[in-house]
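Each of the next two complexes has chain A plus one other chain: chain B in the first, chain C in the second.
Here is the complex of A and B:
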């Protein structure tokens, strides 16, 4: 069906209209989000293929708006941080979004990879190193953007075997550092204790994703097995590979190493990390103010999420994070 | 070509004409030629459709036309009036179905008929007669029988049916059964493939003249010399000190040879190391290994030949997997065994074994052997002296070092050893095959409702060997042309499997269920044998006398128009599935159908002379202008 899509490209300015063809077939792309293929008319025969994410219909649509906001925020933040270096290849790329209308959406470039759930057991030896580097680089990008993915798992992390690339997908539960953690339902294999519904506490921070990432490393290393006990890290050679640092991932979030630590002090390799702009706080405040304004226009009366401003107005202090005083 | 059906039933003249044009007009996209055309029409509308039949006739593009006309003769007419190109001595054959629900009737002059049990078919296209005539083999035989043996080429059809399964659905269902056997999760892990272990696959050995063998030989030679002297000395009253100096010379030389061996072993482990075991040896490293006196033979490396797949089949991995698959192991446990093997054969680099040097040949031993300070006991046995001098330990250490080097050579350096990547690729190929097969089975499950489970199961069993050949074909293809990555191997195997399944099902559609696909060899696909019980009903139906009670597709009032004295053509039919099991059937050869789900007999009872009249206009239908007689 031929139509016109009005949206803002992530790399440029105001809203614009683009002729597009939309697929009728929809598929789930995250919590409370549906996706469909769209082809923007770019002068080529097939058009530019993108994946459009939209909130689900029905009584969960309100949650869908929030998930979509998360995806847009993460995508735009990553784009800003990457700056002239281009969008990080380890992250599915946001192409553009429309967040102000009653039918908001985000457009992502298609991901040619496969979920690790399907292909982890088939990675060849040299691919493991590429995976490791890609995963930790991707986490470093997220840390640079001040974003935690929060739902890393073999389903949301893809492997592009043609290009030897890791790719994080589904940012629908992502959150900026400093916001209060919201509970994440899901398998305990992939949700750290501090984010599980029963034991959720503290603020989102740069070590939130490393817990699931370390389990992913074992998952790939062991060709598709979940990490049962920490003894397996030594058996699999990972303990030695990371010079004992990987075990420390499975502690309270405040004590965990970051992705950068794992690269520098675990693997003992040099690394390239994205640098965060110095005016991060200012940029965030302006951006979020504009976001809330647009949101209010689209969804009048929707309350501002709790702790929305916490990370930019009052950055988390060292040791802070467990209001109940609980640990793991 | 299949049978083209043109249904004019219920269509007014204009509609019928439109349907015919759509079919016959080349300019509107119609086919160049129609080999078999089955026209279904209402008896009451035949006159109204005259133009259509004329059009068909004038188009000259239909090779064989067969008309099924349904319903009673119009009005109170006693004649069955047909368009000019139907019936008669030159027209196309017509089957007159006076009443689709029919009657059960024994072919006698008695006009007594019974109600046929069961509901009438809801629509004409679902009528068994139409389904039967839509099968090319049946269409041809019925057409021929009418042309050759039915007066005026118009007959009333009678059926005797034995229930039978649709061949395509039965095959798909049976293949799903076979797939479940081949893709079953299996009993659990049996452990790695012993034949793929480095010790058996690596083929490493010390060459006879290389430095490693030389040092090892020198240690043993000096040990022998020392032992010979010790024998002599212990024979002289056990006064060992008397020949100590000579013994010491040999012990020292043994120590020096052992030190050389240890040094060379250390050099090899260090310099032929590939970091983490990831990557290949350099040319220099291969030279170093060769010059140290290691050889890997040729076992396990397929010789290059014109057919890469044939070469792949010589590989150890192929043979191991083929042994398991053809031996009855399902794919998942074979994949698990490959992974268990992969964990064992995984390389870590030869430098990781350097710590073993101290265990097998402690530096303290070398010090003892080469030390001048160590004195022989004054008296003692030969064994005690050897022990004191460290000769036993020296020989054991030399053997231990040689074993270590051969072990490392097999695990880390052997070009013949099975690599982790190769095992992963084969596992991926099995995984892709399994996924494609599971997809096929899941689709087939939706369409097998009408087929018999017992038959599916038996045929499925016979398909298992062919399916295993398909699996091994995929494995051979992957080994012959390795994919760039594991996920690619998975994808490629999935695609290949889908292509091969499509080829197989297509072949079965063309040639029957026993058709051998190109990837199958031997008699695997020929194993399908039905069970006599299964075909007993079909045999009975095929042997039914033509005049016995059958389902005659006419109204009771039409029976008087049937000529029971004239020879009645009969056509027996059954699915190709049952041909072998049925064996020889007395009488005419049945039509072995490639599709459809019936077996039995179709009888074509001719009409009494004069009942059917062929004409292009109602005026010509007068009795005097036709070659017919009045109905009695």
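Here is the complex of A and C:
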């Protein structure tokens, strides 16, 4: 079907119109989201192939709008944080979006990988190492963008065997750091306690994804088995590989190591971490400090609440500075 | 921790006017001292020297002594405060601390009699708020001494707070029981019910003659009594006094049962009708609310008609008869302005809390108000029970604004420029089992607010204002927003300067929903009452405005008594095109619209408690 798509490319500029051909076949691409293949007319014979994500029709469409917004926000943030370094290869790449109309959509580049659920048993030796590095690098990018994926699992994390790349897909439940956690329905194998409907609490932060990520590492290491008890980490060699830090992932989110901690103090391979700008959140902190000055002028002597900064500045963790103890 | 701690406050000149600062305290815990400052601040602004206040907040109490004459607000140079638990720092101890020689003798004097009778009559009738003229603070202390003594003799267990010299009204929702205010701006008290007045006069006379004899007579007749109704019936059964000229010498007092019963309010918690209600339409004082005629809207005639109420109705029949009634403002009539009407229950629940919406045309004030009302039942999550004040007006607003927006996804027309102020909707709000308060919402056209020659009446008495910002206007707002400036000018000229609270709302935030930190807050749900959460959101929205160099839009934060910043989206998405007849193609999903209202209810004292007290500071 030939048509015209009007959207804004993620790399900037105003909305523009592009001739395009859309497939009629639709498939699920996220919670309350459907996808279809489109080909933008870029002068080539086949056109530029992209996957268009759209809210489902029917009574779930309102939720679909919100899920699509989540995908667009994550994509835009990742693009911003990558800057001149190019879009991270560990996440499915947002190409552009149309976020305001009655029929909004996001366009993603196709992902040639397969779900880990289908290919985990084949990731041995070097492939496992590539997977490990890719997973932790991807998480570091997400932390740099201030986004938690929140639904990492063998279904949403793909493996591109041709290029040896991990790729995170389906950002429909992602959320920016600092917001209140909303409950995630799903298997307890992949949803941490703080995000389960019955026990949901607290604010989204940089350690939200590490719980499912650590289980994914075991899943791949064990060739497709769920982590039953923590003793399996030692049996699989992962405990030693991470210098005992992996066990600390299975604690409360406030006490968990980040992906960066796992790389630096667990694997002790800091050179694999992506080069991220270190000013993310800096302006927010500076802005808050400016507000507190205004507050002091309006209400002299009123103390700042003790946990005021906790949602933007991660408080020091117990044992930090002691690699064996699980800190930095 | 000391049982009773001391604090001293003094006024200081600040960059944006006078501020009240703490200069000394025995409280070692800084946050606790800070909480006291904010709890007492409205009382400190209201108090005058010489004068004193005893404030029983339930768990804690404070005694304030205002000292030193000052020519500008606050009307004192130093305020010495004692704070502690009411068991240690009660009203009698406070009056003893005031140190007036011969206070008991003065309480029994003819000079104190009329005021004592009035306060006592209102209290016996169940009033929780009594406003009295206050020309002499020392006499007011004596009156309170007599009142508290007599109440103890008859078994009145209510805790009594008082302020002996106040220059303005105070947000008093955190005083759970009786409050007697002696005000410089009040010339006469609300006349008490004649039956209770006679009863009070009899007690005051007996107290003046011989307190010991009064106690003995009361004991002989089963007093003190802990139950209100048996206390009144036993007082009515006291034998006539032999002394000629006494108030009770005229015969047995008869206490009316219908006086003060609110329309439709039978069975509800005892309301506290304020002595003086200021009309939000004409600013006139309505001093006799309970005695005004009732009116109803006659749809056929298109006008209000008076309701003739038979005199022999019992309270239930009377309530049924006057359900949904209005009163006609006598102040407006006397001033020869157009006749205007208010719901009969408007003045029956203490001082109404007036909230208004301020912002440029098309900033989304009407949509914000409509979506707030659509979600107002959500206040139950914060422990508040809400019912409409005027069913007809509420129904009208639902039909004309809320349903078209929420169910019909329709873009609402803006509020037309209009010379008159009208109540858009109003609610009776009660937190837990606390006092009921009327919360009235006003919507005014942005065009009116932007004109310097048009100052809407309610702005002069508004308790809180929502300053509404459209993100599209931010870039153009480096030099400010005319509506904000005009309204803040009015605020600065009010006799109750600085007393309004402000909720500054980045409205239509869906337009910038992918920008940080808006994205975070717009997704945060309705949240909790945690004051840190309100402070974080305030800080982040302030930062956002600062980033866009729109600091003029933050002026209300510096100039209002308490203030918060918010993000909100009344519709959740943009309208299709700019045509006024267009719709919201995605449907309407309000986001974070209740948060500014929750903050406002906390800042205006409707929502109380330690968490609510910290919101907006």
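In the analysis below, the second predicted complex is superposed on the first by the 270 of 328 C-alpha atoms of A that agree within 3 Å, B and C clash if a C-alpha of one lies under 4 Å from a C-alpha of the other, contacts with A are read in each partner's own complex, and residues count from 1 in each chain.
As a working rule, a residue touches a chain if its C-beta (ideal position, glycine included) is under 8 Å from a C-beta of that chain, and two chains touch if they have at least 3 such contacts.
The shown structure was predicted, so the numbers you read here are calculated from the model rather than taken from an experiment.
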item: Touched partner set for A:303, first chain B, second chain C, both or neither; value: second
item: More chain A residues in contact - chain B or chain C; value: C
item: Touching partner for A:159 - first (chain B), second (chain C), both, neither; value: first
item: First, second, both or neither for A:127, with chain B first and chain C second; value: first
item: Which of chain B and chain C A:119 touches, first, second, both or neither; value: first
item: Touched partner set for A:34, first chain B, second chain C, both or neither; value: neither
item: Partner chain(s) touched by A:175 [first = chain B, second = chain C, both, neither]; value: second
item: Contacts of A:200 with chain B and chain C, given as first, second, both or neither; value: neither
item: Chain A-touching residues of chain B, taken from the complex the two chains share; value: 277-279, 339, 342, 346, 348, 420-421, 424-425, 427-428, 431, 484-490
item: Chain A residues touching chain B - in the complex, by the definition given at the top; value: 114, 118-119, 121-127, 129, 159, 161-162, 164, 223, 237
item: Chain A-touching residues of chain C, taken from the complex the two chains share; value: 14-16, 19, 21-22, 30-31, 33-34, 37-38, 513-514, 516-517, 519-521, 523-525, 527, 531-532, 535-536, 538-540, 542-544, 546-547, 554, 557-558, 563, 572-574, 576, 585-587, 589, 614, 617
item: Residues of chain A that touch chain C when the two form their complex; value: 61-62, 65, 69, 72-73, 76-77, 99-102, 104, 146, 175-180, 182, 283-284, 286-288, 290-292, 294-295, 297-303, 305, 307-308, 311
